[in-house]
Structures are given as C-alpha cells and as structure tokens.
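Each of the next two complexes has chain A plus one other chain: chain B in the first, chain C in the second.
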Partner chain A sequence: MADQKTLTFVLMDAPYENARTTTALRLMHIAAKRGHEINVFAYEGAVYLPFALQKAHPNPVHGKDAEEEDHVLPREWVAEVMAEAERNGGKVDWINCGFCVDERGAHEAIEGVRRGGPPNLVAWVGESDNVLVIPTK
Partner chain B sequence: MSILHILETAFRGTIEEQDDTVIWTVHAMRKAGQEGSVVLQGNIVGHAVRGQDATGLQFGDHPQTNPVDLAGDMQKLMAAGVPIYVVEGDAADRGIAGADLIAGVQLIDRAGVAGLADSHDLVWHW
Partner chain C sequence: MADYMLIASRDPFSTNDVPTYYALARDLKERGNTVTLFLVQNGVLPARPSAASDLLTSLSELGITVLADEFSLRERGIPANGLAPGVAAAPLDLVVDHLESGAKTLWN
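What follows is the complex of A and B.
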C-alpha cells in the first residue's frame, strides 16, 4: 500500500465507563479498513480493553437473557479491529503497559496483545506519522 | 425511605453497557423495593430527548445487536414507579423544548430540585 501510514493511539480509559473507548476503536477501525499500520499503547484502565476474561451476562432489568442482551465485550471489538487490519494489509500492534497490568492483575489478554512500557511508546512516537492521545478526563 | 437520584453525566458508558448504568441501578434498586425519583440536570437532559437511535455500530463482522435504548429504559423506570424530572432551564440552554422530550418525564425548574430534595430522605448525586 503506497500511502500506508503508521498511526499510534494512546488510550487510558477503562472499558464500560464512557464513550471515548468506543470512539478510539471506531477511529482505529477506519484506519484498519484503509490498511494502515496501527500501534496502540494502552495504559491505566485501558489495559482492560483486551482483557481475555470479559464475560457477557444476562440483564434482568432489561428482561433479557445473555443471548438476547448480547452484551458488548470490548475484547471482541479489539479482536475485530485487529482482524480488519490484517484483511487490508495492515496490522495492529497492541502494547499493554506492564506496570498498569500488574497493578490491576489484568494479565490475561487476547492474542495479539503484548506487554511493554513507555520506552515502546517513545519508539513509536519516532516511527509514526501521527500520534493521537485519548486520555481519561 | 426514599432516594432522590440527581444525574448529571451524559452518555457515561452507554454504548458498551447498552444502557445508562445509573438508570439501570435505580431500576434494579426499585425492583428490590427501593423508592425514589430521578432528576436529570446538566448535560444528561439529552437522555430524555425522543427519537434517538443508537443502532448501526459494527466492528468487522461483529454488529451490535442490542444497542442502548435510553428512552425505553427511562419509560420502563417510570412505569415501575420512579418519576423522572428534567431541569427545564438546562434543557432550554441546550435548545431542547418540552415537546422534544419523551412522554412521561416532568419538567421542573432549578428551585424545584430543592423541593424534591426536601421531600426525599436521601439525595444521591451521580
């Protein structure tokens, strides 16, 4: 891909707390559809976005069982973005901040997520065409 | 014992949770016998606007099949016996008129919130 870019996203928010995570994933999804190289540095609560033990549940207030509720699991959205990137000649390189993982016991992550730290982010800043920070407010 | 729930934060996790988590909690508490009322003030007045449509989100081959239905959830909460009030001035500040709101919510002025606080045993600010 001649105009392939390298885009780095820095995420901070935990899943299920606000809409910023979804917005970030939607931006990544668009970039994935266009075949760009995507880096994600997830720190603080964002390390729970690809947490492998997320589990759907029924919703008694909605009156729906687990199948009807079809609850969102951000780890599945992350996996979809990764797959979309691969289908279009790009890739998603997702790093969870290791200290943040340790603090939270969030060690189980989906395939394609690796452990790292700020030095990885520094390297990405130098390699990327652009960097977007989406912090907790 | 009754609780006045004052909500201000709009669209807090509603996409992923597929509901507003505070409206959900108030409803779950109502099912467990807790009495109360809800006030929407500040940005969350937008939750009561009719005609919202959260459908269409999809990542790869994974569409969201059960998106948030704020109006439906609030109407179910009111049907369960929890009145919902919208601060009229906050709605007007955002260009929202009474006719734009879902049926059943009650408009209240800011001074009226104090009266509601006085008529409940507890006030919880979310």
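What follows is the complex of A and C.
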C-alpha cells in the first residue's frame, strides 16, 4: 500500500461504559480497511477490551438465550479490527499496559495482544505519522 | 500554520467543558490555523437547532469547518438535512483522513 501510515491510538476506557469505546473501534476499523499500521496502547480499564474470557449472556427480560441475544463482545470487535487490517495489508499492534493488567487481573487477552508499558507508547509517538489520545472524562 | 482536527464528543447541555473547547477552536482559527470541529457521540446534540447551536454557527462564520458524525446523528434521530446553519453531516472517515494527513488531532 503506497500511502500506508502508522497511526497510534491511546485508549483508557473500560468496555461497556462509554460510547468512546465504540467510536475508537470505529476509527480503528476505518484505518484497518485502509491497510494502515495501527498501534493501540490500552491502559487503565481499556486493558479489558481484548479480555479473552468475555462471554455472551442471555436476555431473560426478552426471553432470549445467549445465541439469540447475539450480545456484542468487545474482544470480538478487537479481533475483527485486527483481521481487517491484515486483510488489507496492514496490522494492529496492541499493547496492554502491564501494570494495569496486573492491577485488574486481566491477564487473559486474545491472540495479538502483548504486554508493555509507557516506554512503548513514547516510542510509538516518535515513530507514528499521527497519534490520537482518547481520554476518559 | 497548522491543520487542527478537534473532536468534540461531549454534550454541552451536561458539561461546561464544551464551550471552552469551542473557544479553543475559535482561538486556533483566529491565529491563522485551519480548524475542523468534528462532533461525535453526544457532541452532535447541539447540531440540532437549539439554544446551544448558535455557538456552532458562529464558529462556522469564522471559517471553522463544523461537521457532525452521520452515525451519531442517526443514533439520536437527528435528521442530517435539518442541522443548524453552518453544520454539515459527515462520515467518521473524515477523522481518519485528517490523521493520515498529519493534522493535530485532539479529543474532548
């Protein structure tokens, strides 16, 4: 891809709490469709976005089982963004802040997620064509 | 001068951060920068003509491009063809366009 860029996203929101997560994943998905190299530095609650043990649940209020409810799992969104990037010649390098993972016991992450820390983010800021920080309120 | 993409995700009816963020857009423009204000999530609420939309119209009159995320508008039932003067609907792709071009991109 001739115009491939390296874009870094910094996330700190935990899943299921704010529309920022949805917007962040939408932005990353657009970048993935364009075949960019995408770096994600997830810290604080955002380390739970690719948590591998997320499970769909039923909706007893509506009388639906888990399959019928088809509950959205952030780890599936993350995996899809990773797959979309690869399909288009790009990739997603996702780092979960190690201290944040340890504090939260969020060690089980999906494939493609690695452990790191602020020095990785500093390096990415220097190497990227652009950086978007999406802070919590 | 620089190209700024300011992403506004907050509802001005629930936080006073928003007018301050709009003021940042205005100040950047007045210093000769190119400024796009992109409304997303509850940040699109003032795009609907209301007491809060006058500020957006005034930013547009200064030469700031004021855009509202199409998806966020649809989610909230705000018709894209009935936005406040100076505000236009746009896809989120436009933010990625700016990231690609190296625009200084801020989120609030």
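Simple rule for what comes next: the second predicted complex is superposed on the first by the 137 of 137 C-alpha atoms of A that agree within 3 Å, B and C clash if a C-alpha of one lies under 4 Å from a C-alpha of the other, contacts with A are read in each partner's own complex, and residues count from 1 in each chain.
Basically, a contact is a pair of C-beta atoms (placed from the backbone, for glycine too) under 8 Å apart; a residue touches a chain by one contact, two chains touch by 3 or more.
Quantities reported herein were computed from a predicted structural model and do not represent experimental measurements.
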Query raised in the report: Looking at the overlay, what does A:Glu84 touch: chain B (first), chain C (second), both, or neither?
Result: first
Report task. Using the touch criterion from the header, give the chain among chain B and chain C with more contacted residues in chain A. Result -> B
Query raised in the report: Does the superposition put A:Arg114 against chain B (first), chain C (second), both, or neither?
Result: neither
Query raised in the report: Of the partners chain B and chain C, which touch A:Ala19 in the superposed model: first, second, both, neither?
Result: both
Query raised in the report: For chain A, what residues appear in both contact lists, the one with chain B and the one with chain C?
Result: 19, 26
Requested in this report: Please give the residue numbers of chain C that touch chain A in the complex, ascending.
Outcome: 9-10, 40-42, 71, 92-93, 95-96, 99-100, 102-103, 105, 107
Requested in this report: Note which residues of chain A are touching chain C in the complex, please.
Outcome: 3, 5, 7, 19-20, 23, 26-27, 30-31, 34, 36, 129-135, 137
Report task. Quick one: which bits of chain A touch chain B in the complex? Just the residue numbers, please. Result -> 15-19, 21-22, 25-26, 29, 59-62, 64, 68-72, 74, 76-77, 80-81, 83-84
Query raised in the report: Can you name the residues of chain B that touch chain A in the complex?
Result: 11-19, 21, 24, 27-28, 31, 57, 59-62, 64-66, 73
